[in-house]
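Input: a single structure, listed below in structure tokens.
Think of it as A, B, C, D and E in the order they're written, each chain with its own count starting at 1.
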Amino acid sequence: EPVLKLATLEGGTVTWELDTITHYGLDTAAGFTLEVMPVAGKSASSVALQAGEVDAIVTDWLWVARMRAEGEDYRFIPYSKSVGGLVVRPEAGLSTLADLKGKKIGIAGGPLDKSWLILQAWAQKEAGFDLAAETEQVFGAPPLIMEAALSGEVDAAINFWHFQAKMEAAGMTTLLSVAEAASDLGLDPETPLLGYVLRGDFVDQNPDLTAALAGASRAAKDKLATDEAAFDRLRPIMRAKSDAQFEALKAGYRAGIPSAAAVDLEAADRMLGLMVELGGAKLMGPARTVPPGTFLSY
Amino acid sequence: MPQIDAPGVPRPVALVSVLLLLGLWWAIAAWLGDPRHAPGPDLVLPRLWEGVVTGTMLPDLGATLGRVVIAFAIAMGIGTALGLLLGVMPALDRWLDPWLTIALNIPALVTIVLCYLWIGLNETAAIAAVAINKIPMVAVMLREGARARDPALGDLARLHQMPALARLRHILLPQLAPHLSAAARAGIALIWKIVLVVEFLGRSNGIGFRIHLDFQMFDIAGVLAHALAFVAIMLAVEWLLLAPLARRANRWRQP
Amino acid sequence: MISLDLRSKAHGRTQVLGPMRIEVAPGEVLGISGPSGIGKSTLLRIVAGLDTRFDGRLDAPAERAMVFQSPTLLPWRSVLDNITIPTQCRPEAARAMLARVGLAGHEAAWPGQLSLGQARRVALARAFVGTPRMLLMDEPFSSLDADRISDLLTLTQDLIAQHRPAVILASHSAAELDALATRRAHLSGRPAHLDYLETRLRAGS
Amino acid sequence: MPQIDAPGVPRPVALVSVLLLLGLWWAIAAWLGDPRHAPGPDLVLPRLWEGVVTGTMLPDLGATLGRVVIAFAIAMGIGTALGLLLGVMPALDRWLDPWLTIALNIPALVTIVLCYLWIGLNETAAIAAVAINKIPMVAVMLREGARARDPALGDLARLHQMPALARLRHILLPQLAPHLSAAARAGIALIWKIVLVVEFLGRSNGIGFRIHLDFQMFDIAGVLAHALAFVAIMLAVEWLLLAPLARRANRWRQP
Amino acid sequence: MISLDLRSKAHGRTQVLGPMRIEVAPGEVLGISGPSGIGKSTLLRIVAGLDTRFDGRLDAPAERAMVFQSPTLLPWRSVLDNITIPTQCRPEAARAMLARVGLAGHEAAWPGQLSLGQARRVALARAFVGTPRMLLMDEPFSSLDADRISDLLTLTQDLIAQHRPAVILASHSAAELDALATRRAHLSGRPAHLDYLETRLRAGS
């Protein structure tokens, strides 16, 4: 029985799906064994993939595009289209992006964070101002940004979707979701940003195994989309602090399930084009269009 | 007048002192009244206790401790040898000093990632990364000690043509005892801090792994409980091993 | 047999010792006197092979012992270990020699617990415990009382007669030089030169 | 026989030595032939050169350097004072030793996160976090030195009733010079490593921030270029500041 | 005026000094002799106030100077600084005193560049440069040649006559004790007891 090794953040959103796969035997049903290597952060999973310790990790396809453009063969299987958003405390009295002028925004990740770039582009196009120039930014680790937003140290925060869900559960409101901003900019919100990323040679040598992973993932998604019991089972590893948080996380996950159809290459190209425009070579390296073979579809 | 005690911490004072610190912590936490950001010992210690009693913390503690011990042994051994060599041979030092400065200032992240990439994501790479991070620091500390050694004792050794090992054991190392002691204490702390990063970047167990997970969940009490588990071990090592060793090494000093 | 043909010895840029020849045969004791700071210790360190930065030629046996001007003990080793470790002699021999210099019962003490005179006697015991072919003594009996000195002089004479090393003794004390030296020399001037004084013959030399 | 030189690195040898290291690096990189994971100097140095010449690297370098310098000054000052105090007063040491052991072993991540939480995501918090991480290490190193001081010189000071400041300057600090030198070298390296983490967790500029961005893109050459920019500064500090200082402090030693 | 009423002094568990009384008036010089290791240095350190772990009462002036048995110089300060820093005297005074002990021209040297006898003379100059009301000397003239000693004895006599400190001198040398001591005492036994010898009166005491 072939084994597929996958590194992911222990207790992160990806484990919900992976745990469902292994618990219900979806991997063995597809003819392989899924082996999960828990790691403590995103950097760790990327080290694990580069060091050849695991066959797959979960990350965004823009990274894959950049790596392919640089000559590194990685492939992408869609996993989620969830993106974060910009959240504010209701009592701060902010109702549009323009109200943020002169305020402090906390941003998880860095200045090349995709959500932050898209919101900047939106502000430029829809509201006609330079978000980066007119606000003060604080970059930091996602949990620190969440705390800074909750405590009011920053006036608004851009965070990953599950942190956003927790922040909403704690009473904050979303001023502008990245999905909305993206569609206003002419991007397709159905383009899945996150996915399973595998090394190309592995895919070529194990086409069946790769397909089996895609299948198992889809089966788990289908189960989680409808089966409340399957999600209730996951509640302990989700570490939801309240029912509200649990519901928010559940809704966020379901909303992020991408369609089974193949990724719209044109839409992806548009997104990459915007990223090149906003982030330049620092973000995208030599990639200017989606390199062929980036997306796998089953 | 009272006899001045030999260095090293007699247990009762140390225990009272630790309790005092706990009290202080509790008082500050109670005064701040923000258990999410500043949990007091009443929130943290039960977590620690539970982790130890139910045994959930023990595998991680064991894994981390194992890495710390092995990396410490390697780093102290090589670092001491290198530091002695450089301190005793100025000609060699002139050549290797820039290398040492560079090695000293290579960020831990770089060594760790490169070790994982080249050696693989395994225990060897993890320990190598920690040792490589620590060796230059030990070497720098011991080199200063070796440079400051008493030349008269070296003359004595030369006069009697003492063998290298005897010189090391009876002449050089006793003079370096304060530097060794400082290097050991600072070193074990530093190693444990690097092990945390190493575990974060590429291991699936250990206290560092847990601390980062707790941090992702913003579970400050959990972070502190895991950190304290190791701190407690370090206190035990200090009292049961380092302090008696230091006492022994310092027996000859004027009372 | 010690044989030194010194052309010059400088500390930094100041020349301390000028040209001089020293030959000491086994059993012979060359007593060197001279004012403080003239270069006696410098000369002895050259002969001992501890200072090689001089201009000249030295030929001296490798089995050497020296009484430094300062005791030079290992503070972290017991009095007994301070004798056995450098000389690699047997503990009984060290014990016997310690008793001989009046330090029986101090074997387990740390050097820091000794008076200066006691420390100097440990250094003497260390130099006397082996059977060196060359013995260098740099003011070996300072900080000691007259009774003790005369006792130690006898001991030194006995040891020399027994093992017949080539000996150089630097001292300010006429009494010590009279008692031990078979030949005497005086250092003076800057750079210092060595003047040999009257030579007396002793039994066995 | 040649005169043995005073400690400290004369420039020509040091330069040749650095070039040698570069050559070695180049040879290994060429032999591995894996420019993505093991880029040679031919890939890294142009990046560094470009960053410096076009000036894109300078603001980050400046920000990091500023943090390192301020945190270093604070940590060395407080750490030295604390270490001296503990080394000289065994009674105080008996009480505070466990606190020091605990402080020494609190992981950097914990201090950094707590500082950011309590002080805010700002420069003060960043520098406080670094200083707090480093102070116990300096204190431990200096304490060992202070414990090993020569009692005879203390007697001299007492006999002449020398004022405290004169004792510190003429009796205590010169004896501690080797420990201070080791603490400074190891310390500046450690501080820069912690600054990297601090910048990663909550600052918006600095070399650490850039290194982590490069690392996210898995741009090892970029990581190395940024790391080397700082290493180069440290080499300059070593040659222009620390080595001459050490030479001065060691003038009195036997040639 | 030095006044010590000692009941007992122990190092660790061994009692070194037994009951003894010492009174030294200004201008008086108490010479103490006794075999090596008997307790002379221990006694002087008690009187100097450097060792307070004894059983008894000490009454001594705060303006004190002491010649330690070992030179005890700061190796990292120049010879001149070694005198001016502890005593806080003016550099000219230090220079003059260095010249007086035969070390003119060595002001800028490091202590490590001195011979032992030269280092001891720096320590002497340091003790002599001030105007202490109590002067303690622990074998001050060892490692020096006879000419130099007689010169320094004259210097010491002059200084005592001029500033009239209360002086205690520990020495093995009968010549030194004869030249300086107005009263003499001998330490012996274990624990040591102090026996006062014949008292001679000197001009001015």
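Just so we're on the same page, contacts are C-beta pairs under 8 Å (C-beta built on N, C-alpha and C of every residue); 3 or more make two chains touch, one makes a residue touch a chain.
Every value quoted in this text rests on a predicted model; they were computed, and no experiment measured them.
Peer 1: On the document's contact criterion, could you list the chains that touch chain A and likewise touch chain B?
Peer 2: Of all the chains present, those in contact with both chain A and chain B are D.
Peer 1: If you count the contact pairs for each chain pair, which pair has the most?
Peer 2: B-D
Peer 1: Could you state the distance in Å from the CA-based centre of chain C to that of chain E?
Peer 2: Centre-to-centre distance between chain C and chain E: 28 Å.
Peer 1: Counting only Cα atoms for the centres, state how far chain B is from chain C in Å.
Peer 2: Centres of chain B and chain C (C-alpha means) sit 47 Å apart.
Peer 1: How many Å are there between the centre of chain B and the centre of chain D, using C-alpha atoms for each centre?
Peer 2: Using C-alpha averages as centres, the distance is 17 Å.
Peer 1: Send over the residues of chain A in touch with two or more other chains.
Peer 2: Residues 43, 50, 141, 147.
Peer 1: What positions in chain C touch 2 or more of the other chains?
Peer 2: 12, 70
Peer 1: By the touch rule stated above, which residues of chain D touch at least two different other chains?
Peer 2: 37, 113, 117, 177, 212, 215, 253-254
Peer 1: Can you list the residues on chain D that touch chain B in the complex?
Peer 2: Residues of chain D touching chain B: 4-5, 7, 9-10, 13-14, 17-18, 21, 37-38, 90, 93-99, 101-102, 104-110, 113-114, 117-118, 136-137, 140-141, 143-145, 147-148, 151, 177-179, 181-182, 185-186, 189-190, 192-193, 196-197, 208, 211-212, 215, 220, 223-224, 227, 230-231, 234-235, 238, 250, 253-254.
Peer 1: Under the stated contact criterion, what part of chain C meets chain B in this complex?
Peer 2: 45, 48-50, 62, 64-66, 68, 70, 72, 74-77, 81, 85-88, 110-112
Peer 1: Which of the residues in chain E end up touching chain C in this complex?
Peer 2: 11-12, 33-37, 40-41, 69-70, 102, 113-118, 121, 139, 142-148, 172, 174
Peer 1: Note which residues of chain A are touching chain B in the complex, please.
Peer 2: 9-12, 37-41, 43-44, 47-48, 50-53, 141-143, 146-147, 239
Peer 1: In their complex, what parts of chain D are in touch with chain A?
Peer 2: Where chain D meets chain A, its residues are 36-37, 113, 116-117, 120-121, 200-204, 209, 212-213, 215-219.
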